[in-house]
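Some notes on the structure that comes next.
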Amino acid sequence: MYRLIALGVVVLGFLIFPIVAPHAEYELDVLFLMFLYGAMATSWNVLGGFTGQVSFGHAAFLGIGAYATALLAAAGWPLWATFPAGGLLAALYSLLIGPPAFRLRGPYFAIATIGIGEATRLIALNWSSLTGGASGVTLSAAPPVTVQYYVSLGICAATVGAAAWIKRSRFGYALAAVRSDPDAAETLGVNTTIAKTQALFISAFMLGVAGGAYAMHYLYVSPDSTFGFSTSISLVIMPIIGGIGTIFGPLLGAAIFTALREQLEANPFLAKYSLDLSVFGLLLCGIVLFEPRGLLGIFDRLIRRGASRTRKDSVRE
Amino acid sequence: MQDTLATLISALLAAGLYATMSYGLALIYGVLKVINLANAGVLMLGAYVTWWMWDAFHVDPLLAPIVVLPLFFLFGIVLERVAVRRVIEQEPIVSLLLLFGVWLILQNIAYAIWTGDTRSIETPFIESTFKLGGIQLAWPRVYVFVAGALTLAVLQLFLTKTQFGRAIRAVSQDREAARLAGIDVERIYAVAFGIGIALSAFAGSLLSLLFPFGPDFGQALQLKSFCIVVLGGLDSFVGVAFGAILLSLAEAFGLRYMAASLQNLISFVLLVVVLIAFPKGIAGIIRSLRRV
Amino acid sequence: MKTSTRHLAAALCAAAFSLCAVAAPLRPTAADNGPDEIVVGAALPLTGEESRIGGFYKAAYELAVKEINDLGGVELRVYHRKIPVKLIIYDDKTDPATSRNLYERLAVQDHVDAFLGGYSTELVQAQTVVPQAHQIPYVNGGGAATEIYHRGFKTVFGVLSSIENLAYSECDFIEQMQAQGKLPKPLKMAVVWENTSHGKDFVAGLSARTKQKPQNYKIVLNEAFDLHGKDFTPLLQKVKATDANAFMSDAHLDDYITMQRQYRQAGLHHAYVTYGARGPEKAARDALGDSVNYIFAATWWNSQIPNAAVRAFDDKWAKAYPKIPQEWYAALPYETARTLFIAMTEAGSVDKVKVTEALRHIDIRDTIIPGGHIRFEADGQMVAPFVVTENLPGGKVVIVYPKSESTGSAVLPVPSN
């Protein structure tokens, strides 16, 4: 009950923020990116976290969604209709690559996804008649900042809601079984390939929709910016920093990622030495080595330590 | 005919290069069952150290491996002791992510020290060429090929003829059995990782003779390396050499019939197809053929 | 409290915290006697792939700003005084999305009065949606692809003449040489180009001219290659298999170095060799040594253009930055910033509509750009001649075209070793 109230208050806070502060364009822009990245990280997490299939090529789905929105909007579609279309296209693409790729396990799968991501970028780059090739596609005009903000908030909320629902569903337990022990999952009657493909399908759909928001915001999509390896890298970094496999971890990761990047870019000293790479690299190494559950895990530990100390104190009294 | 021959030779030379940059990856995977995602970073640093010695102290880049090999061997051992060791027993994806983080840090080190400028080595040797039956060849490319072939021979000798090499092989085949047989598996891990990193840095040093580079150097090559070791079955050096030849032939002859802008697609397609059709690589194919 | 609630709380705290961290106070509104300073912003690739050239742009912008501030600032008629310029530069890491975000930040947080552009077509293409969205005047000297200016953006101006014009300048030169019998007619061209907007424009220019003058040109090979290639030997084998007598490539610096090295290693030879805008820069000579000899290039500017204005700029630059050579990517951003300040003076204020209008009609005569003349076409891009240069042994570079700016005559056809 408390949780629902708390969640309601927060969502309400975000909902009325543009009304309370209509001129905070910069803050709205940053929040937009946080929500967008949150949705992207959550999408990745459905496959990478819940199912344990780490993908280094997820930019492919974001790019497909972004291109779908850009091209369909240019063809005269209303913007809102292009989002589900982009999601669907990305999801269909995932059906093309999922079943064969899932014959590979663990690290082999991860490596294959690097190849898939790069191949998708090269296809987008060379299929000029459809994508405009290296020149990319420019959208005509963006909706007002507040509209963008609500769209991104909506996508983020829907994505996180769906992820939370999946995690608690029977399907979610099946995915958890696939992650912890695929062989045992098979003997329990879970068809691991189908389960993984379903997870990828959902993940790709969500990313495709997020890609639509990306295109709406950036108004320009090109093979390197949307399909680039660096996009895939951020998709891996955010959930891991926040807490892989959790519901709010990717959101936390996205918030920190966005904030850190804003800070690092504006700080001349840090920017001069590209220290963002080190910051994210060290965070990644530290988390992998010491707290695989990410910052949320560290947070939990702190809380627990604090709680046990208060308990001890009260016992002493 | 002349044309085909020229393509063949240039493919073979490229194969030597591809193989050299993949040995380290294969050794580390073979022994530790860890995929070294930091390989590109090590290649890049090997190139930078070579360039830096040439640029600042006028050391001939051909002599650079004398410094690069021990330096990176030590670096590898330290990295294994400090970080990699803790994740070897965990799921493979954990070490992959760890080394991915290391790669980011290595890139940052290069940016911080040498900035993002494109660097390149220029010596008379690098410019020198010779003619062989009407086909002009470049000495540095031949040199890199020979170095790659020699590395393969030395590695094979080391692994089959020395006590330590046999211990490495024993660990890569069955670490528990090796432990029972009294082999200090932890030490083997550290040394093998050190050798693997040193080999990658050596490859980077060789690459600096052929290509200009920056901190992002190796990213495109990384995928080729993965393709090669997957083709070769991830843990056999001879397999790696074959994988390298296969890839370079596919690229050289493939490009005769398709646009050059699709060159990188060849390795990815090959990678994905082989991974999916033959998850055990060439070695696996040969093995399964034998079984039939 | 349940774990997930706690997690949510953590995520929200982080979001709130980061918002506080990035939020900045609003700039006070201008008083009647005008703002205290004119704020001009740019995001440049100071790290990442284009960092080398990004550094030139930063240096050039800073030089132009320092110069005008030393004179007291930009003269603005409506306030009857000179107002100093404040320049804000961010690093976009050669990443298009970051670049766009930073321009947005400049617009909505730093409240810039005008933008200076970034470098490289891809980044300029991504960032120019911001000036369009906010209708803020934007002048760049780093994006040449025609694609940028074909989108109907009203506040976007560029002082780089298009790559198609680059190709035309080289063709004009080639035709002169053909007339003198120094180059074969028709010139059989093997055209290889990087798969970017830049490369596309290059091949489009050559194709258009070939269609127009079929007796002068013939394209015998037309191939794109992927950026940052490593092994160009298969592509060069293809070039070798043709009977081309001209090698026309369009490449970035690293690809230029790799390709030219492999070109030499493969023993290729053509009567005319060019890498588009690449050729005379110091970085390439450092990397390639004598292999850069006899390469032709068409660039937007060259420090040897024989006139007083250019010499004055050379001296100024050398004094400010003794260690940075005077490449075209030093001069063009310098003129970019100057153009913006002149437009502001002509507009008499920093009003965005007025400055945009002033830019549209601007006509500057005393620039260091070839021809000396800056004005924009209806689409916002400038049309100017390129200088064609040839690298000669001993580190020499001669300007061979146009006649009015030339410093020597071309060695043609390229001697075979």
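Going by the order they are written in, the chains are A, B and C; count residues from 1 in each one.
Going forward, a residue touches a chain if its C-beta (ideal position, glycine included) is under 8 Å from a C-beta of that chain, and two chains touch if they have at least 3 such contacts.
If you're wondering where the values come from, they're calculated on a predicted model, not measured in any experiment.
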Note = Leading the contact tally is the pair A-C
Inquiry  = If I average the CA coordinates per chain, which chain comes out farthest from chain B?
reply    = C
Query = Rounded to the nearest whole Å, what is the centre-to-centre distance of chain A and chain B, using the mean of the C-alpha atoms as each centre?
reply = 32
Request  = Calculate how many whole Å lie between the centre of chain A and the centre of chain C, each centre taken as the average of the chain's C-alpha atoms.
outcome  = 35
Inquiry  = Counting only residues that touch at least two other chains, what does the list for chain C look like?
reply    = 47-48, 195, 224, 226
Ask   = Which chain A residues sit where two or more other chains touch them?
value = 122, 125-126, 274
Ask   = In chain B, which residues are in touch with two or more of the other chains?
value = 111, 116, 259, 261-262, 264
Ask   = Hey, which residues of chain B end up touching chain C in the complex?
value = 3, 6-7, 10, 14, 111, 115-120, 122, 126-127, 129, 131, 136-138, 140-141, 210-214, 216, 220-221, 251-252, 255-256, 259-264
Note = Residue positions on chain B within touch of chain A in the complex are 35, 83, 86-87, 91-94, 96-98, 100-105, 107-109, 111-112, 116, 215, 219, 222-223, 226-227, 230, 259, 261-262, 264-265, 267-269, 271-272, 275-276, 279
Query = What part of chain A is in contact with chain C in the complex they form?
reply = 2-3, 6-7, 10, 24-27, 29-31, 33-34, 122, 125-126, 133-136, 138, 141-142, 164, 218-220, 222, 224-225, 230-231, 242-243, 246-249, 251-252, 255-256, 258-263, 265-266, 268, 271-272, 274, 276, 295-296, 299-300, 303
Key: Sites on chain A touched by chain B in the complex   = 52, 54, 100-101, 103-104, 106-108, 110-112, 114-116, 118-119, 122-123, 125-126, 229, 236, 240, 273-275, 277-278, 280-285, 288-289, 292
Note = Per the touch rule above, chain C residues touching chain A in the complex are 1-12, 14-15, 17-19, 21-24, 46-48, 90-93, 95-98, 100-102, 104-105, 108-109, 122, 125-126, 129, 133, 145, 147, 151, 195-197, 199-200, 224, 226
